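Labels for the chains are A, B, C and D, by order of writing; each one numbers its residues from 1.
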Amino acid sequence: MLGRGILRGLVETWRNFQGSYYDPARLTTVQYPEEKLPPQENARTIPFLVYDGDDPMAGLRCTACSICAAECPAHCIHIVKDTAKKPDYLGKMQLQPKVFNIDMAVCMECGICAEVCPFDSIKMDHVFELSSSDPDMVLQKTDLAKSNDYFRKIHPTEAAAVDAARAAEQRKAQAKKEAVPGPSAV
Amino acid sequence: MNALDQIFVSLQRALAGLAPVPARPLLAMILNIAGLMAVFGTCFALTTILERKILGRMQNRFGPNRVGPCGLFQPLADGIKMLIKEDIVPFSADKTLHFLAPLALTVPVWLAFAVLPFGRNMSAVELDAGILFFFAIGSASELAVFMAGWSSQNKYSLLGAMRAIAQMISYEVPLVLAGVPVLMAAGSLSLPDIVQAQSGFVLGCVPRWNVFTPWGLAGFTLFLIAAAAESNRCPFDLPEGESELIAGYLTEYSGFKYALFFLGEYLGLFAVTGLAVTLFLGGWQAPAAWLDWLPSWGWFAAKFSALIFLFIWVRATLPRLRLDQLLMFAWKFLVPLALVNLFVAAVWWKWPAPLTARWLVCAALLAAPYVWLGRTWNGPTSQERHYHYAE
Amino acid sequence: MPNEIAFCLIAAPTAAFAVAAMTLRRLVHCALCAAAAFAGLAMLYLQLDAEFVGFAQLLVYVGAIAILIVFAILLTSGDEVRTGSSQFSPAWLAGLAVAVLLLAALALALLLSPSLHRLAPSAAAAPVKQIGQELMTRYVLPLEMIGILLTGALLGAVVIAMRDEPEVKPPASKRADPKETTSLP
Amino acid sequence: MNTPLSHYLLFSALLFGIGFAGAVARRSAILVLIGIELMLNAANLNFIAFWRYGPVAGALTGVMFVLFSIAIAAAEAAVGLALIIAIYRLRKTVQVDRLDTLKG
């Protein structure tokens, strides 16, 4: 009969109305600035640079290989290589970036940089409250550097995998070094 | 009881008595007008916030709760915002008509409140042809809508205005026809008389309100549906269907003129709701004899608020209709049913049978066309669609 | 005296609106001015204690006829102002002269007639109840005729304004035989 | 009511003249129709004025006449505008002086 669907709809909205006062399932709004949903592990916002140890600049994993800058579809990453080298976690001497800038006004948070990075150096962050009155939204190397602990905290699964892989490589390199004591070690 | 019941009447008399004798009628009128504007202005502000809160609750969210305690100062903030917004008039607009349209919409709507009886002895003007006045005043808003749509020189505005006018004209017919049985029953066009005709009780407990008769119930339902369409309420708010027409005839309005349209729309809803209360729900009468100690205006306010809540509830529930569905619904469903209802009302009053027999026969006389029309009227969508390539 | 002031206050704008309705260039403006003039007349009826007629005038003229006129203007694109062509008919001067003559004759007759300067009886009212009773007793035949006339006019207007192109019929066979539709590619 | 009857009748005559002039002098058929409506209204005003100033207050003839006249005006407007729309469809114009097919 005509009107039955309307009545059923009215009943449903009525249930919503009175349920919203006691049933949390019928009042699903999160009042943002005061309440925040816990971020999903796989969420990604802007990129950041991972460093090991305590000193952000010394422990930076980035080797200034510029793969990310080349792959970035928006061309928002600007890297200048430093002439000085420093040993990486395997003891190999690697380049390091003198300048590592990301223009956040251009970055579209696609995460391609994080995927192509062979050194697990660039990862995607969880922060999203980025609004600022500064019209120039270029983030410097110092702004981008965040510790491995932070990485572990926001992406526990991925960080564990990365740490395990790096530890395995380190062990392998260690074993190689011990097995073949080269002249360089002397 | 009597003092509380007549508190506004005696207050008005006392205040008007302060003036010198020749100025008294004028002052009394001004007091009436000021009272009406104050009450329904506040009512408008309250309804906007409550509507948004109730809609929110019905859609699993909070609604506005930021400004003031529980967001109660939201209408104030909205008003300030509307007032200080820039008033933009399109370059090619017809400036005079563009300016006059919001006024032409809002002023007649205020006039409509003059004849409504809000309580015992509480109507600003007691007109012999009160309900005719109400509908005559209401018909002025159509021209205002046309002025708004045409003067904006914008195709969305014009289309929205044409839709609004087609809708208002179509739904005015069932609106008036649904009210006619009440006039037949009361034998008067004067609204206080209609309320008086609904006093007393049947079988000792059921109030003699029109809504408690078969034709009254049907008329009430038809009246509410037509009233929702008349005041552009959801699900009949397609003159300003933002998904297709931006904002209909309001597209080129901003700032305070837009607020005036908004006010006019809500006041129209209030007026027609007040009329529904008067015609079908016994006006200011208490639902039971032992509840008579509550003031009459309190009962009116309670019934009025309940109907407003119903409108909000329906708005939260139903999606917007399509234009052809809307007009079909008016002409092919509401108008025939309203005519049948007229006949049923005549049967109810002229058939000297016992109450139960009359009830059953009248209800059957109404239910049969309802079911039949509901079966045959599947709307214009009854033609099944065939997809040749995308099966 | 206040009565006369009220009459002037209503009559002057009504006449002005009527003149505007007949002279303005854009048809929509004319229609709106005509609506205002009709509303002014309704006020005059109210001032003459004919409540019911006044509201009926408002309901029918402002609510229905003005809207009809506006619709007709928009449907016929009669509102397009053509440059270079006058809004007035070629013999407008003659028409105006005839109108003025007519007005002069009427006014002369009215002003010269002594019996028309009388004042109104103090009380007169057309109560709705009495109007209703008269409509149902003495004027029942005209009422029926009006009903028939209105129905006839309604049907006639629809028939006249209806498009007479044949309706495009939906392919009936496809609806009747669902197999045929499914056999289509 | 201390306005003399002649005021109303004069005003009505003025309105009639305006409507007549418009109906005769304008080219648009719609305006001709508006002019006719104005003339009709002028006549209605006469009826109401005569009823109000008439000797028999109880006789509602004037009021009744106006009510019927309003109803007929509604019918007239509907049919007239339908005719105008039909003519527009046929001739693509509503200017009365252009509808001259029968002119030799």
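As a working rule, a residue touches a chain if its C-beta (ideal position, glycine included) is under 8 Å from a C-beta of that chain, and two chains touch if they have at least 3 such contacts.
Bear in mind that the values here come from a model prediction, so they are computed numbers and not experimental data.
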Farthest chain relative to subunit D (centres taken as mean CA coordinates)
A
Chain centre separation in whole Å, for subunit D relative to subunit A (CA means):
80
Cα centroid separation, subunit A vs subunit C, in Å, comes to 73
Distance from the CA centroid of subunit B to that of subunit D, rounded to the nearest Å?
34
Inter-centroid spacing, subunit D versus subunit C (mean Cα positions, whole Å)
8
Hey, what residues on subunit A touch two or more of the other chains?
none
Which residues of subunit C are in contact with two or more other chains?
52, 56, 64, 71
What is the shape of the graph in which nodes denote protein chains and edges denote touching chain pairs (line, ring, star, complete, other)?
line
Can you name every chain pair that touches?
A-B, B-C, C-D
Contacts from subunit B onto subunit A in the complex sit at residues 54, 57-62, 313-314, 316-318, 370-371, 373-375, 377
Subunit B to subunit C touching residues, read off their complex
97, 127-129, 132-133, 135-140, 142-143, 146-147, 150, 158, 162, 165, 169, 172, 187-190, 383-384, 386, 388-389, 391
Across the complex, what residues on subunit C touch subunit D?
1, 3-4, 7, 11, 14-15, 18-19, 21-23, 27, 30-31, 34, 37-38, 41, 44-45, 48-50, 52-53, 56-57, 60-61, 64-65, 68-69, 71-73, 75-76, 78, 86-92, 95-96, 98-100, 102-103, 106-107, 110-111, 113, 116-126, 130-131, 134-135, 139, 142, 146, 149-150, 152-154, 156-158, 160-161, 163
Residue positions on subunit C within touch of subunit B in the complex are 28-29, 32, 35, 39, 42, 51-52, 55-56, 58-59, 62-64, 66-67, 70-71, 74, 127-129, 170, 174-175, 181-182, 184-185
Residue numbers of subunit D touching subunit C in their complex, please.
1-11, 13-22, 24-31, 33-35, 37-38, 41, 44-45, 48-49, 51-53, 55, 57-58, 60, 63-64, 66-68, 70-79, 81-86, 88-89, 94, 96-97
